[in-house]
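Structures for review follow.
Here chain A shows up in two complexes: once beside chain B, once beside chain C.
And then the complex of A and B:
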């Protein structure tokens, strides 16, 4: 199981940032070939990221590349380069439909075959950032290879014609819809970045809210946010203690032939047991 | 592959290299680097490898290195060469 508490965006044409991307403690790095790269530098970024992927050690850090969207012909060149370079996952911006995800899957299989990688080696994270994408998130989430969905609130609110606010009321429907679609499909729900790099208090509030409604992690645009986001998506000692007690009670109940057990006076049913096991797994205890 | 026009890739920022290529009837490589004394040979070897991989045997190529890693240097050389021969590969 990949941990995706924190996925850090890094501009694909900045050699210093690309080289250092793995040192900040993020669970994953998203090398960006799309919005962070000027139009006339797309080729340079693609070649730089391909070369860096092939040689830079990033132990334990998922290497994701955000390619250009499928409405631009260069997405296929991006795909070819990053599959050859050895990326773990592809992020598709402006993911809007099941048909697109299937086209991406076929293109990935072709590229994997050409460069000699195992078929299906690369995962896909769908970046949902349009109203159509939000409404189709259930179809997108269940497409082959899709192992996560990221909400892109900047583009979404631009499409909605509304300002982005710190409270995020304007994206509450999209957040809820994405979480439901992702959880129903059994994939990761990743929240939109918090874009004020100086407002640490706002970040913590935002990330705790995201976790409280079911997100598994958050994308980041600043290395300064990594620690706070990892902490927020890691079970606390108290949560771990509760989870251990639940699992212990279940095991003891099973040995004693009891059909039902309780912890702290509360009945442990299947969803509670599943939550406890998931909590333990999040800190590597399952 | 033939270099048809002048092309540039990279930047003068630290950790990067600026690579310029121009058409020429012979091969000439010029390297400027703050670490030339220590790594000049390695930089030249990498440049020559990229030239060979892309089958470029004649051009004037200049590297202004600002502490680029080898993977960055190779990327910038490849980008400059591809820009210099656009449409003729």
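And then the complex of A and C:
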């Protein structure tokens, strides 16, 4: 199971940061060709990221590239370069509709064919950051290749004309809607970055909240956030103990021919069993 | 003579009998704020002497005027533990005829006490001094804390001259006492406080340093040494400070109480003491104001001589009691030999300091360095200069993985079990080269400009002139 607890944004035009992107322990790195890169540096960033993808050792780290949005013609140049470079996934900003996702899928297939990669090799993570995108998240989530959806709260609140707050009340609908759409489609729901790089306490609170409402991971803008985010999205020892007890009880019940089992006085039914197994899998226990 | 005060440096040097070819020693507690070495050599020049040997525990950029004194012939030989800045550049380019002798922080007092390095006049910069010659570093406008590096000099030199900018009625207790000091000179200023100590040594924000620090702390924990009574030394460099911070959290979580922390002391080490995580600090050098304040006020914060700290001649220096030391490197090779003297082009940029002393003494010597620094791989086939022999180094921690010295298979197993990214040093070298490509060798081939002595006085390497 590919984990996406932490996806770290790295500006595609900064050689030092690109070179070190893989060392922070993030499950994935998002090389950014979009907002972090000034207009007159787009070409340089594209070349840097393509070469980095081709040569940098980044064992066990998913290599995602955020290309420019489809309303700018350079998105196709980005796509060609990063498919050739060997990216694992593409992140499409301002994802708004099923039709766009289908167009991206076709363009990816063409690029894969041209550079000799297997058709369908690349995944897509849709970055949903407009009101239209949020409302269409169900359609986006079920499109071909889409394996994750990321909420972009900064652009979204700007479009809504409301301030972004630490508590995040203004994005609670979007968060809930995205989680529901992602889970219905069986893909990863990834939460918006926490933007105050020095507020570690606020970060932990924000991540734990995101996990509590169903997110699988979080995007990050600071390497210093990786450790805390990974920890928050990893089951605690207590949660692991509970999950092992549930699985043990199920196995014993099965051997004894019992229909129902309980752990700690609580009935273990199918969803509880599934949750326990998922918890174990998250820390690599079958 | 109850009052040993003399009016000027020039006069004092005359009284001390300064003559051509003598050896003058200096300590580096005032670091890059020191004004005493330059002032003393100016005075020596005005007296017309020549051919002096300067035995300074360290030379910093502030000592740039020394270059002129070498050119003019006032100074003809240098013996140091560390040098950086214009003097180091001058030496690297072959500016001085006699090769510079590099020692370690423990090797220097060993050679002084054994008579290998005879000192005619020890010039001791003293942040406070009284008229009888009692000296301390803990008070005064140029307070630097410990005077540990000056103690062997004061004990063994033929003559001892203290230089202060803070004459007081009585210094008690003294770091260096009146029985050792022949004369005291008062000057306007012995140094620039901004260059002597920093406000507070700051934790790094560099995320790569933080990754290395976390690995280092996890490796130390995995080694099993992080138990009650643990002793350690960490440097004042970024990754070292961050590793100390992770260690502090781990010790607190595990309820471990260490025995002592040692070395150059920073505010971060002082926190270990104040929070009860170590019982003592052994301080041979203070790095920041918090450390200076602590050594002045807290009796558990103990000033120690460089000799007691690290000299193999003391039949059991404190470094032998160290469990863990965290060290840096400019290069490390496939045999774990470490270079901290020169950069990869062979230019002198530092020196051993306590590097090889602590590596030899500690149960676990951890070298922390980025695998790639300024486009160059840190792991090399063969270091440009051997500062610390590889058989005293146990671990190399980089941001991309940890290499364990093959002579410690049990340590490798422990780190593997802890889930740390362990690989061979050869694999780390390959990863570095996959990023940087193979750099063209620029090993210098000129005449010998530096002789690197190991802590026991044996020759460990030579440093060549760079073009």
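Here is the rule we go by: the second predicted complex is superposed on the first by the 286 of 286 C-alpha atoms of A that agree within 3 Å, B and C clash if a C-alpha of one lies under 4 Å from a C-alpha of the other, contacts with A are read in each partner's own complex, and residues count from 1 in each chain.
In this section, a contact is a pair of C-beta atoms (placed from the backbone, for glycine too) under 8 Å apart; a residue touches a chain by one contact, two chains touch by 3 or more.
In this text the structure is predicted, and so the values were computed from the model without any measurement.
Colleague: Thinking of the overlay built on chain A, is A:56 touched by chain B (first), by chain C (second), by both, or by neither?
Modeller: both
Colleague: Where does A:43 make contact in the superposed view: on chain B (first), on chain C (second), on both, or on neither?
Modeller: In the superposition, A:43 touches chain B alone.
Colleague: Once the structures are superposed on A, label A:19 by its partner contacts, choosing first (chain B), second (chain C), both or neither.
Modeller: both
Colleague: Scan A:238 for contacts with chain B and chain C and give back first, second, both or neither.
Modeller: Neither partner.
Colleague: Figure out whether A:161 sits in contact with chain B (first) or chain C (second), or with both, or with neither.
Modeller: neither
Colleague: Contacts for A:223 in the overlay, against chain B (first) and chain C (second): which applies, first, second, both or neither?
Modeller: second
Colleague: Which parts of chain A are touched by chain B and by chain C alike?
Modeller: Residues 19, 55-56 of chain A touch both chain B and chain C.
Colleague: Which stretch or stretches of chain B touch chain A in the complex?
Modeller: 9-10, 13-16, 68-72, 74-76, 78-79, 82-83
Colleague: Using the touch rule from the top, collect the residues of chain C that touch chain A in their complex.
Modeller: 205, 207-208, 210-211, 214, 372, 399-400, 431, 434-435
Colleague: Flag every residue of chain A that touches chain C in the complex, lowest number first.
Modeller: Those residues of chain A that touch chain C are 19-20, 22-25, 55-57, 222-224, 227.
Colleague: Give every residue of chain A touching chain B within the complex, in rising order.
Modeller: Those in contact with chain B are residues 15-16, 18-19, 43-44, 47-48, 50-52, 54-56.
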